[in-house]
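Here the structure is laid out as structure tokens; the discussion comes afterwards.
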Amino acid sequence: MNFDAFLPAAIVLSSMIPGALIFFLKEESHRLRTVLNMTGALVKLVLVIWMIWGVYDGHSYETRLTLAPGIDLVLSADALSVLFVALSTLLWLVTTIYAIGYLEDSPNRSRFFGFFSLCVSATVGIALSGTLLTFVVFYEILTLATYPLVAHRGTPDAARGAKIYLAYTMGGGALLLVGAIWLQALVGPVEFTQGGILGNAPEEIRGTLVIIFFVLLGGLGVKAALVPLHGWLPQAMVAPAPVSALLHAVAVVKAGAFGIVRVVYDVYGVQFAHSNGLLFALGIIASITIIYGSLMALTQDSLKKRLAYSTVSQVSYIALGASIFGPIATIGGVVHLVHQGLMKITLFFCAGNYAEALGVHKVSEMDGVGKRMPGTSLAFTLGALGMIGIPPVAGFVSKWYLGLGAAEAGANWVLAVLVASSLLNAAYFLPILYKTWFRPTPTQWPAEHPHPGRLEIGGALLWPPLITAALALAAGLFAAAPFTPLEWASLIAEREYGR
Amino acid sequence: MITQFLYGGSGILLFLLGTWSFIVHPPLIRKLIAINVMGAGVFHTLVALAYRGLTAPADPVPHALVLTGIVVAVSATALALAFGQRLDRDHGSSADDD
Amino acid sequence: MTPAWAKVLIPIVLIAIGAVLVWAFSLAALEGGDRLALIALERVPESGVSNPITSVLLNFRAYDTLLEVAVLLTALLGIWSLGPAAPAFQPASPILGGMIAWVVPLLILSTGYMLWAGGHAPGGAFQAGALLGAAGVTLALGGDASAGLPGETRLRFLSVLGVLVFTAVGVILMALGYGFLTYPEGYAKWLIIFIETAATLSIGVTLAAAYLGGEPRDERTSRSAT
Amino acid sequence: MMIDLLALAVAFPLLGAVVVTATPSHARGLGLASAVLTTLTSLVLSLGVWRDGSVRSDFGGWGAPLGIGLQADGLSVAMLVMSNLVALAVSVYAGSYFSATARRHFWPLWLLLWSALNGLFLATDLFNLYVTLELLGLSAAALGALSGTRAAVAANLRYLLVGLLGSMTYLMGVALLYSRYGMLDIGLLAEVIEPGLVAWTAMALMFSGLFLKAALFPMHFWLPPAHANAPAPVSAALSALVVKAAFYLVLRLWLDLFDPVLNASVANVLGLLGAGAVIWGSWRALRAERLKLLAAYSTVAQMGYLFIAFPLLVATPPGLARDNLLAAVVLLAMTHGFAKAGFFLAAGLVQKTAGHDRINELGGAAQALPAATFAIGLAGVALIGLPPSGTFLAKWIMIEQAMIQGLWWWVVVIMLGTLLAAAYIFRVLGHAFNREPTPYRFVNDARTEIPALLLAFISAFVLGLIAQPLWTLLDQGVLG
């Protein structure tokens, strides 16, 4: 087997193998566990950089495993998958560092990190899936790997959250499975192809294809938290902070959104989806989700819940981008995949730090945290500003392209949605920032754990949000430089519309 | 031919009687007896099949099958009875209390 | 309890099945012809014994018979696993005891005859084994707690003897290049008698031990005290 | 010198049983040795079939129709490999599971059961199958009662009797076929059998007998108590292998013997019963209060999927699609074998640690035994049919085929069963996440936990991803 055919599999295995080994470690072997985790993360990073370079050069990587005649498991790299792979690999590295710090001295860490690694392997598998079948396989593995993470704390709340999470994702998985098989029964094995594969589907099956689209959307929409399938997301907040970070920024919701992008562009083809009204329907659902999520976020006092509803809203920008016909909106949607990830993971890291250091869980308790924890609060501020869409943070770039694309496509109502949502974003983030920086510090925090060092909190908890915040800032500031998410998204759009 | 028919027919009759008894009677010991009646029916039928008239020697294959079948049935019956005895001893009641 | 409708329905269904069975068997019997009879009878001289049924049992379909002896062993092992035996019977009165002393040797003698006769006339290992088992049962009824069976070690050995000899003969013949349970020409008769003898002993012992029930213990005498 | 692997696959466990019975004090060592030897024989035999095609061996040199022989083709070898690997794992586990006294009873009966299984998968003669079935039924019932509780003895007595009823019915069918066609060899019969009352009645008799043994709904009533009350390694073997053997026979007779007799209505009846099994079994598993009872009802449900395949098989015209479907059914049966055995073995460990197996009170035990809980989880993945298990691949193929044929009803049943399975499996797994901070090691007792874990792992990861060899194997004499 030559290396090109092995690289995609190697990227998946680089976290799966350490994950499997970690399960067997004794609880006390911190050092070995850390070594395994970091080795996996770094090896994956190196492999991914290699792959980015290759894909940029037009190289193709494909691992193909035949399960049965006509049923292949395919991992392959194209511009879109590489974008998602790079995002998850980078954020995994950061989150692993954060999680090691966050879970210091808590029980069952071997189990946690084992599933943590499997979760990332599944995400990377989703990113690299070359066929719909492969996508379904990793999509379900992701469900399985995240369930123990959500249930990890073992409190009754965690059990309930995990149960709800499972009920939603299993149902979604079943829908996706039925949709995928139905499609395969109709048109044969579905390989993701730029420009879609249904462009010249015979007229008489078009009606069925439209139905299948909505079945698939139902399956993907659960993870992407499209209204009304978003119910699990606020409940899953019971998980430890690194899990929430991973769920919201990288793995689960992104898998759903990524799937929607894949189905629209590489299965149905944007032309087909446009001419059959699928894009319009998707746009409506996405818009409703954006507005609804923001409205709900306004009413939450729990910081993590507010962030969760913000996720519901923000992830739908990706679907919105996919639903507007034209390359510019596509760039906006795809680039938001990365930007939202960077910003949201920052916010969750910070929320975790507040809870860990001060016991602050609610927005109403955040008076003056900026003075007590300036580093964390700086990162939080950058993330929040980005979410609102204030330049030069990355979120601005996404919204700019989305708006431009909508205007170009003549979809003025989308512009209205964007404006409304930005105002709402501001309405629920700015008060937090105000409290953080401008309100006096209370005499006593809810549950303070003083940190011995000279930093406000352990380095493993402080650096990750600072790094991701810096990245989010850089992605906005240097958006036009080579190898930025924006440039890469343009490459994707060019290839999707290119012919 | 009549002989063969009578033997075979009574075999089928026994088989059905056994089946009926197995279904209708809940006590396990009666079910065991029912199975032995069924077995007798099947073996009867097989023996009838072996008959090839008064002059020709009988077909030895069904005879051998029946012999094997009987031993198997005896073994199974013995084991089932031992099960029943064990239940009896545990509880002092009969094996059919359910 | 069986509901009333079932009491009516079950017989009706069974009668219908019976009608189909009679019809099917009649059709089959009429069209059946000679079946395997001619083929089997024709090959009997090659089988090493002259009784066609024994030919089928111990040569043509010997593998069936091997498994059948294994079934018997299974039943015995299952019975042993169910716990200790029931207490022994009261010792027989002197008159009955005297009769038993007559009957048992006779039964054992008939066992030997039955075994030998199987080669050319009705009889064979199972009939012989049954007689041997009957001897054991007779002893047990007369109050012998061990039914004349030996101690654990030898009892275990005897009970597996049939399967052991049968399988071992098969495997050795296979290793020698004849094929599993394929008797070489001229040896069939003696091999069959060898297997049958072992099987007879096993079957007799198994039946008697199954009748007693309970796992064998080395001190068989201690059981009669309980 | 000649090695007849077919004969040895039956003779080795038989000789093992003999030796173990004669020297009970060395039961474990000798038993394990026989287990390894038997497994190796079966694997070498399977490898040969995989490479060179099916083999047949006629005992006594008479050949059919007078003599009996054994035959190994792709289908039988697939089941043989699965059974022997599962049985080997069960043996290793049982070596540590049983007390010294129980061990003396377990090993000989277990090896007899094993030889019956191997004999059954390789048999070609209808009456020989009857004897094999009885050997299987007797040894299975005796093993099931080894836990010694009253409930176990009563349940297994019922199992024994129902099994006997099944065998007698089957034998009546065989008698009918013999009386019409004068042969017992499946291959020869297949050449002469023709549609009509005789063949139809014989098929009905034989299949009804086998359905009883396969616990096909609504004839499943005996299974849950018998499997739930047996000792864990025995439950594993009963659920994973013994009922599967009856299904194998139905499939074998269906494909090789009754093919010309069959029609869509028979297949639909089977499918309907299978659907009933899937729904009812899954529902009862969801409501079960005890872990092993849950697993037993899950077996009822999983057997149902296997029977749903029949209407799909009949509806699909011969060709690649039908071959795929057939392979999917075999894959489903194999995966369930590994998964259910792993599940039961792990459940046994949990039960031993907790002293009971009431699901709602299992939290602590589940957390103290990460490997066992993990095995339950992995086996659960395969039972639900999540990727990358073999079940997933098999269900994918079945659903696709049902959709192509427009048989939507079966899609609904399969998906419903899948969701119910997810519900009952995660009902168990939910208890594994507790607040008790158990400082744990992953593996506590390697000799019992590793077999369970390996079986579950194979079902969840190996069979689905490396299924290609199965297609190669089935090309030897089963696929068109």
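Labels for the chains are A, B, C and D, by order of writing; each one numbers its residues from 1.
The rule we apply is simple: a contact is a pair of C-beta atoms (placed from the backbone, for glycine too) under 8 Å apart; a residue touches a chain by one contact, two chains touch by 3 or more.
All of these numbers come straight from a predicted model, not from anything done at the bench.
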item	value
Chain pair with the greatest number of C-beta contact pairs	C-D
Subunit A and subunit B: spacing of chain centres that average the CA atoms, whole Å	68
Centre-to-centre distance between subunit D and subunit B (centres being mean Cα positions), rounded to whole Å	28
Subunit A and subunit C: spacing of chain centres that average the CA atoms, whole Å	72
Shared interface positions of subunit B, touching two or more other chains	15, 19, 45, 49, 61, 68, 72, 75-76, 79, 83, 86
Residues of subunit C touching at least two other chains	21, 25, 29, 32, 34-36, 40, 60-61, 64, 68, 71, 74-75, 78, 82-83
Touching two or more other chains - residues of subunit D	127, 131, 134, 138, 141-142, 145, 153, 172, 178-179
Contact graph of the chains (line, ring, star, complete, other)	other
Touching pairs - complete list by chain label	A-D, B-C, B-D, C-D
In the complex, subunit D residues that touch subunit A	320, 323-324, 327-328, 370, 374, 381, 386-388, 392-393, 396-397, 399-400, 403-404, 411, 415, 418-419, 422, 426, 429-430, 433-443, 464-465, 467-468, 471
Residues of subunit C that touch subunit D when the two form their complex	20-21, 23-25, 27-29, 31-36, 39-40, 43, 59-64, 66-68, 70-71, 73-75, 77-78, 80-83, 156-157, 159-160, 163-164, 167-168, 170-171, 174-183, 215
Touching residues (chain side subunit C, partner subunit B) in the complex	1-2, 7, 10-11, 14-15, 17-18, 21-22, 25-26, 29, 32, 34-37, 40-41, 44, 52-53, 55-57, 60-61, 64-65, 68, 71-72, 74-76, 78-79, 82-83, 86, 124, 126, 210, 213
For the subunit B and subunit D complex, residues of the former touching the latter	15, 18-19, 22, 28, 31-32, 35, 38-39, 41-42, 45-46, 49, 61-62, 65, 68-69, 72-73, 75-76, 79-80, 83-84, 86-87, 90-91, 95, 98
Interfacial residue positions of subunit B with respect to subunit C in the complex	4-5, 8-9, 12-13, 15-16, 19-20, 23-24, 26, 45, 49-50, 52, 56-61, 63-64, 67-68, 70-72, 74-76, 78-79, 82-83, 85-86, 89
